[in-house]
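Per-chain residue numbering starts at 1, and chain names A, B and C are given in the order in which the chains are listed.
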Amino acid sequence: MPNTIRHYSQVNDFTKKDFEEVLRRAKIFDVNGKDFTNVAPGKVLGLGFFQESTRTASGAESAIIRLGGGWNGIPSPAGSYVNIGEESMEDTLDSLSDSANILIVRHKSFDLTSYSKKATVPLINGMCGGDEHSAGAIGMGYTLKKKLGNIDNLKIGFYGMVKSSRPAKANIRLLAKYGATFYVDPVVSEFDTPEFIRKEAEAAGAKFVSAKLEDFIGEVDFLNVIEGLPQPGEDPKVLEQYNKKFKIMGKKDFARVRKDAAFYYCMPAMMTDGRTIVNIAEADADSRCLSHAMLREWTPVMMALITYLLDIKV
Amino acid sequence: MPNTIRHYSQVNDFTKKDFEEVLRRAKIFDVNGKDFTNVAPGKVLGLGFFQESTRTASGAESAIIRLGGGWNGIPSPAGSYVNIGEESMEDTLDSLSDSANILIVRHKSFDLTSYSKKATVPLINGMCGGDEHSAGAIGMGYTLKKKLGNIDNLKIGFYGMVKSSRPAKANIRLLAKYGATFYVDPVVSEFDTPEFIRKEAEAAGAKFVSAKLEDFIGEVDFLNVIEGLPQPGEDPKVLEQYNKKFKIMGKKDFARVRKDAAFYYCMPAMMTDGRTIVNIAEADADSRCLSHAMLREWTPVMMALITYLLDIKV
Amino acid sequence: MPNTIRHYSQVNDFTKKDFEEVLRRAKIFDVNGKDFTNVAPGKVLGLGFFQESTRTASGAESAIIRLGGGWNGIPSPAGSYVNIGEESMEDTLDSLSDSANILIVRHKSFDLTSYSKKATVPLINGMCGGDEHSAGAIGMGYTLKKKLGNIDNLKIGFYGMVKSSRPAKANIRLLAKYGATFYVDPVVSEFDTPEFIRKEAEAAGAKFVSAKLEDFIGEVDFLNVIEGLPQPGEDPKVLEQYNKKFKIMGKKDFARVRKDAAFYYCMPAMMTDGRTIVNIAEADADSRCLSHAMLREWTPVMMALITYLLDIKV
């Protein structure tokens, strides 16, 4: 039985056709003020957030409310048996599944894809495990397509710690399916795209170019500035080097981005030294900056993903 | 006025007739995918969880969502004035009552039955006070009846720390009303059924048999394996003895349970030494194991209990 | 665009006419058991509670549920990036705005009025910044009007630390617009009404009388007993003096309040020495005590405020 359930436990659970269908649905839901509460009345989205979340959780909660249902479960790491060491992730997710129609999960290391083989309800990866913010990647894909018209064969620039960024790694996996060419400046080489992600993306049709930000900032269709908060366990010396060399961009730098291109800074936008990865006010003032557009459109994208996995006609 | 409000602050607030009515309603709600949002539109279930909860809270939240309402209040102990010592339980519950139609409460020691005399909305005991998980007991009753056909005059086996288990003590109180015979192996005598519970259950029509697990495992209609997490204050030496003597059951042991019987392991299924009380994978693979069936059916049971206490026709 | 959005970031964002409209709506919603879920189906109230809340959060959650929507965001300080120092309040609120139709915010010091100039959704001050519980003040106004018939030109008594009480300061600002005369006994002079609040209220038409509780308790239309929990940073010696001199009132004292007057004790009603600011049981037993009436009516008041700010016809 569980084998017939659709999951989105990782980007590679979906083909390009799946993504196209989710993007089609998101467009339908991306209308302010329209009442969609008849789409999934009384349906329950279970939250399993074993790491902090502001944006992913709020948008997911908003999505199920707008669809006519509600959310339950564990919206933040404080106050769960997992947190106090009295229960395993598997047992907790098994139990959350018993009262929800679909789950969204965040955890620093849990392997959601392995778990999906025995899961009893559809799973959404809301940044779970070390390698992906899978749900976030669809949000990025939707907003990018809305802004640029299409997302095939794009030139994508990454500036920052790709290796440590689960959103960035998910974005690479998704856009690889659309034939992207990635220009990567990891600031320090230790934070470059992991070899296994690069090889996998190349096999899917992507190309990688190692370059300096200044060499591709004016070339790319989409510039992605990565959050400066590494995964636990990074070498403090490498991080110090990173913080020292990292260039906080503002208005003058964005002026070098092509007029018909877009850019994005990840959130939370903090670095470990307390600075923000861009001048946020100057970024937000630029109509090519998609950070908040992506968050605003994240709710309809989640509505699309939830209805798709629940097999609700839209 | 408060005196006319129905409460379920303890198992003994309900007669067998009350339980039968709740079980009748639960059966109506126990249908996947059916829309019940017209049953209690806009009704609010207030949560007062002053101890951790995964299953009880999630199922209760799910129940009110499926009924067309929503939940508010204190879903976990972190972040309440009670938690930081600035307010009493009474004052907090009084205030939660002002914005909710019905409350569900969990607390390690609070006497919900005394409080119910002045309460202004119906109360549900979601494991409140030292003696009961009253709401859980109805869930057990429902699933057991669904599985076995009826719950009258059952032979029930308990293996584990009955004394410390609020779910077990509530199950005894409820099934006593149905004429159960209880076979109890508390592993170490210190964890045997408390005298006052035993006497009360006997007065209600129950019988108790002290025996070893191996002597009743093949006899009972329902085997209940109790969680290994004692209430605070247990003697560490007794607990050490308990952990040492406790037998973790698996496939081979379940093979000794009657083919037409059922069994159950409590969750969280952890012991204080980090082991789980049964081999969970082997238990879950057995169709006679009701642990997850009970959780899946817990949402309709809560829908039944909420509508009954709110006097909504079903 | 943001400039056309209505906010209630502070009492002075609203004119008397605005308050009258909110009170008119609250009366419509102040009906038990009536279904209003067609008023705001699928609308989302975003919570940004960066300090504890029991009553304000629960009532706001209840309001949006009763209107047919739901709530998301940060319901308690534990478990947010702001809490763990990884994100600023501005950036967090910007992001919460992206998935909600309206926000309610609590923070010890954040300046919500300044922030409102760039906010993208309507804001409600749920005790934000050092000076006001703005939303609470409307609740007080509604219940007072319901009880007394009108709230023009009232004689209002305050007993306690006005300076430290955000609810009291908001009440002064709101009732000043209705021509109130305030009789203030701060127990110790250090906790008297701040000069800037007094001057502002006088400019709006209010009068202030410094007096002892015993001199005005039998005179006022409404006696307000203030919570005994000061804002952080108060001099411990002043607080010790305060606790020593503060008179815990009970039945005998309430007997001195006029028969046709009303009184109120703030909640949480705790003092720093562990006592409660009044004898709560005796206060609650008095039909002139509005503390719980105010909480019960707080949900319809929030329904009124939310629909007004969202420009939904009622």
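Convention: a residue touches a chain if its C-beta (ideal position, glycine included) is under 8 Å from a C-beta of that chain, and two chains touch if they have at least 3 such contacts.
Not measured: the values here are computed from a predicted model.
Comparing the residue numbers each copy contributes, chain A and chain B share less than half of them at their mutual interface.
Superposition on CA atoms relates chain A and chain C by a rotation of 120 degrees, given as a multiple of 5.
Centroids built from CA atoms put chain B at 39 Å from chain A. Residue positions of chain B with contacts to 2 or more other chains are 68, 70-71, 78-79.
For chain C in complex with chain B, the residues that touch the partner chain are 35-37, 52, 54-55, 57-59, 61-62, 65-68, 70-71, 75-79, 229, 267-270, 276, 280, 284, 292, 295-296, 298-299. Interface residues of chain A facing chain B in the complex, by the touch rule stated above, are 41-42, 44, 46, 68-74, 78-81, 84, 86-87, 91-92, 94-96, 98-100.
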